[in-house]
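Worksheet: one structure, shown below.
Letters are used for the chains, namely A, B, C, D, E and F, taken in the order the chains are written, and counting of residues starts over at 1 for each.
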Amino acid sequence: MHIHVVNPNASAAMTEGIARAAEAAAPAGARVTTTGAAGGPLSIEGPVDGARAVPWMLERIEAAEARGADAPDAHVIACFDDTGLDAARCLARAPVVGIGEAAAHCATLVADRFAVVTSVPEALPVLRGNLARYGLAARCAGLRAAGVPVLDIDVGTPEALAAIRRETAAALTDDGAEAIVLGCAGMATLAADLSEEFGCPVIEGISAGLALAGALAGAGLRTSKRGAYAPPRAKAAP
Amino acid sequence: MHIHVVNPNASAAMTEGIARAAEAAAPAGARVTTTGAAGGPLSIEGPVDGARAVPWMLERIEAAEARGADAPDAHVIACFDDTGLDAARCLARAPVVGIGEAAAHCATLVADRFAVVTSVPEALPVLRGNLARYGLAARCAGLRAAGVPVLDIDVGTPEALAAIRRETAAALTDDGAEAIVLGCAGMATLAADLSEEFGCPVIEGISAGLALAGALAGAGLRTSKRGAYAPPRAKAAP
Amino acid sequence: MHIHVVNPNASAAMTEGIARAAEAAAPAGARVTTTGAAGGPLSIEGPVDGARAVPWMLERIEAAEARGADAPDAHVIACFDDTGLDAARCLARAPVVGIGEAAAHCATLVADRFAVVTSVPEALPVLRGNLARYGLAARCAGLRAAGVPVLDIDVGTPEALAAIRRETAAALTDDGAEAIVLGCAGMATLAADLSEEFGCPVIEGISAGLALAGALAGAGLRTSKRGAYAPPRAKAAP
Amino acid sequence: MHIHVVNPNASAAMTEGIARAAEAAAPAGARVTTTGAAGGPLSIEGPVDGARAVPWMLERIEAAEARGADAPDAHVIACFDDTGLDAARCLARAPVVGIGEAAAHCATLVADRFAVVTSVPEALPVLRGNLARYGLAARCAGLRAAGVPVLDIDVGTPEALAAIRRETAAALTDDGAEAIVLGCAGMATLAADLSEEFGCPVIEGISAGLALAGALAGAGLRTSKRGAYAPPRAKAAP
Amino acid sequence: MHIHVVNPNASAAMTEGIARAAEAAAPAGARVTTTGAAGGPLSIEGPVDGARAVPWMLERIEAAEARGADAPDAHVIACFDDTGLDAARCLARAPVVGIGEAAAHCATLVADRFAVVTSVPEALPVLRGNLARYGLAARCAGLRAAGVPVLDIDVGTPEALAAIRRETAAALTDDGAEAIVLGCAGMATLAADLSEEFGCPVIEGISAGLALAGALAGAGLRTSKRGAYAPPRAKAAP
Amino acid sequence: MHIHVVNPNASAAMTEGIARAAEAAAPAGARVTTTGAAGGPLSIEGPVDGARAVPWMLERIEAAEARGADAPDAHVIACFDDTGLDAARCLARAPVVGIGEAAAHCATLVADRFAVVTSVPEALPVLRGNLARYGLAARCAGLRAAGVPVLDIDVGTPEALAAIRRETAAALTDDGAEAIVLGCAGMATLAADLSEEFGCPVIEGISAGLALAGALAGAGLRTSKRGAYAPPRAKAAP
């Protein structure tokens, strides 16, 4: 099984980190290739960045699909916003999974209600809209931002860790969440420790995305080409 | 008042047609400028075309906003899919209205339930998703495709007209719709005749979009810069 | 263009104030006439007042519609409860817009989520029910009452202003609202100052109502006479 | 126990019929008094009739509540539109039940999904809106109009009966309904025969309304005076 | 009229208490018989207890239905979780009412929004799920646990009473509830005092359940045998 | 990785068939053990059968969890009704997946809207309720019964196959489904052929269930023990 992970952010450092995490999380028997957007914004922090990143990411999906016998059995979009998910599905025969939706679906299978803890408040509206579209909003007990920039999370400053733990505790106690979804790729390495400290599932997207991509591919499923995800029509040259 | 209409499709002929329609529909006292995407797909027929068109459209929004004293008081996105609406709002201080949402909002103000009649079935999933997000899905009695390509609608073949009238009649009789939204820019010129023939409001997007853009600008409103539509953060060079 | 504003409250002083505000907010090229209910309660503060006011308001709608060439191109119901909106639409060929729904629709076009700040808690259940019916409840981040009587707001006591500013701040900070709808006609004059102070759209109903009424009339739309807003059947005398 | 049934229609003949049906349906140990609106439209067929009838009906509620020791233990509004229900609750200490809501609540207690069969299509929008507000819309498998005027139903013409049976059959077979709510007072006498013929619950509003009014009164419940149903504030004279 | 109350908990002491309360709450003219599960868990505190109790409760429903002329006219399931409600309806010709759903339905007839106050937080997820299924979740302003074990409530310790009153006050003030549903059988005896103290309806399930069961039986209704509540098919022996 | 599949139906033949299918669908590196309910109904066809089967199934879950080092890493409930899912989660530390929910979640990852095709109409209400609870109802374009008994499906009579193909075609054409979920274990062997014939994803529960169970276990997730799925409290002996 071959799983293609695409990072829609143009940062090569971020792509390397994602590659390492994806390989560590690969399902048994799966081979992972990771690519990053060749252009577009270094990091995706809202709808404008997302819009500018998607065409570059779609190139990676198309290129991977064109590899013939080496085409992937599944794609994972490694951005918690699930940036460009619908367009990617139109271009892919293989299943495409966003790490945001993967984490949310997994959460509803191990808990009745979950909360999302992410980095900054600007990230919340996109996540809220996505959950509504997936149908999982009613299962979400709270959307919380730790109020710390992504960089501080990556570095792991004590203040950042304290803020994430504070919001995790509040989600469990005040919102009634039974599981936590970490809504920021940089938090992935914290999942195991937080799960042990708080005694509940703490789910990060790369693991969940690789797991669901492997599940769909393993079950022999491919993206439907009827309706919403039909391939784009050919265009005349401009 | 200055209203900027942007066509995210790269077809110059389409942009000219939209410019004429927009000028005819301009609110009293409003001046209209129309621009088209400089690159991207000639026509938007699904999520992939949309994703590839948005960066070009955002350039037009940014350029218009940068015109200082001549910056627009409102923007209209002239594509029934409301392509790139969120990202455009992040870049604009002035209000931004998509013609699809404009038609749907207007419909709910003159009828309890409306139906959308569009060109091809592939268009339906995006429209369905948009209505759900706007909160107007429960007011939509039906989404119908006439099953005729956009080109045939533009040319006005008898078969295309017959199919549009058949779906309009079915929407009123079978779905219980009380007003019709024409979900395809090429149908705009049919609105008046259909309204008279069927004795009910028939709403097309360019008129509705210009009207709502003028209303928001006339009321002195600007896009909120808090939360969902905050401007994008500056990025380091790649 | 002729826009008819009807005040369902029987207070002549309130009608005069509404007339002034409506004329100030009239769209370019629009003429405004304002009428008030000839009987019924002086002010509408709940369902019983509303029920008793509606027949008087409907007389004004009917009289305006009967003016032949001088019949209005649109009606505005100048009560934030949107009192009698459905019945008014049944009697009018022209579009009818309630100022409560107008403000809410406008808010969703310039912000992802808005909050309503109104006078007294008794007003909240009607507003909550209206938003649910319009489909805009999911876009409403909070409904807040300042806890000050309408009269104190009209007079502009310091305590009233402080309470309104306190709830506005809380709506933005605690509820995550991105725009504010002022849910009480007496707050209309505060909109501009609050918008500047809090740096976000602050929307009051008279402006929004006039703007949307002008938009619908300008786009040539009329109330559907199919289904929900069909004219009442003639009755035998009792 | 004293149950007050109020007919918001001004037709004395209709009030007499309702009084007979209500007495026949009275819970064990309950005494029924029936009153009719002293003015307003003879019959309620849409929002305008409803708006004009409500003030007259509220007089009856107020008068009944003012009877001291003889004040009712519950009120029933004998119109399937549940006309003026909120306003009536504001004026009453005793519980108030509309026959439309009563039938729908009962249906959800004996079937997973029900359908409504009513007289004319114009009646459907109000019923649809009411069910949405009560929260029972998702339990409603279909809203069907037999397409026969109320008068023909009252007289019991063969065509009317055939149309009602045809829609009942379609609701069970095509919509998957498991119980039928008869959405028109004139159909009440048909309930028992239809239930036997189709082998499923067929619920009419007068019986359901009397039953629920008796249940609430028997359980010692009274309408809450907090929030939505607070009594109206006193007004200065105009 | 004969109403059968079944206690799915195996505790004989609890069954006796329920029998007393049910007889006190019986509608005029109704005879009550109360049975308890012959096996299964002594008390139902979550899904596992519920699952283990249901087969025993179903035996009681079947036995009661088999009594021929003495078969009940309605059944009441005396557990606030409405344990086994669907299965019980499949076995019964007579209507079946759960005390949890009964209290919630009654609450929506005397208040716009209600809150539930129950014993321990573990009880909340089942209640939340039930309200969603009944369609009444949008009418529920809050679900609160007093944090006191059922036994302490039964004994009536001062701490338990204080906690219940604290949550009741918070539901009215902070959640905007207009009526209170007591979500624990042991709180039933507190309803009258709390209602007087807080000046609003306080609804407990045994009274509400008996009242609605009597209402349905009095209106001659029986459980639909079409669709969801069809009787189980006969099985071959294993 | 060890996946435990439990058949809540008491039929040994069915358990054997499920064991074969589960082993064929096992994720790479996973070992499968399959158990069947030791008592209860031979087949589950509605809520009563389900209620009677669950205690026996829970014994199997408990026994598997008690196996110490050989305890499963995940459980799969091999009944499309997801019978006893909540109770099973309360007893298990490992994740528990129902095959009905697994198929529906997978469908939403490869198509915008799916339809369910099952055996008999009696099966539809439970499936409809489950989808609503999971939040996936809005993604379901249709629920269809082929109208053929499970036995005929198992034997593969030509009439049964024709009926299944007819409903599949109708779901795609009339309902606008983009993928098909086969809502009956006996249809599992048809999935590959139907997928090829209709050119879209056709998903059966055993494959989907094994795949998701493997995904959750592979990602190191366990069922939350906070809130809804807390273990049952110990009880005194009766």
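Basically, a residue touches a chain if its C-beta (ideal position, glycine included) is under 8 Å from a C-beta of that chain, and two chains touch if they have at least 3 such contacts.
Because the structure is a prediction, the values reported are computed rather than measured.
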| item | value |
| --- | --- |
| Touching both chain C and chain E (chains) | A, D |
| Same or different contact residues where chain C meets its copy chain B, judged by the half mark | same |
| Averaged-CA centre spacing for the pair chain F and chain E, given as whole angstrom | 30 |
| Inter-centroid spacing, chain E versus chain B (mean Cα positions, whole Å) | 51 |
| Whole-Å gap between the CA centroids of chain B and chain F | 43 |
| Multi-chain contact sites of chain C, meaning residues that touch two or more partners | 112-113, 121, 124-125, 129, 132, 138, 176, 227-228 |
| Of chain B, residues touching chain F in the complex | 121, 124-125, 129, 132 |
| Residues of chain E that touch chain D when the two form their complex | 1, 25, 27-30, 95, 97, 101, 105-106, 108-113, 134-139, 172, 176, 178-179, 192, 199-201, 203, 207-208, 210-212, 214-216, 218-229 |
| Parts of chain B lying in touch with chain D, wherever the complex brings them together | 112-113, 138, 176 |
| Sites on chain F touched by chain E in the complex | 10-11, 39, 41-43, 45-52, 54-55, 58, 84, 86-87, 89-91, 121-122, 124-126, 129, 132-133, 227-228, 230-233, 235-236, 238 |
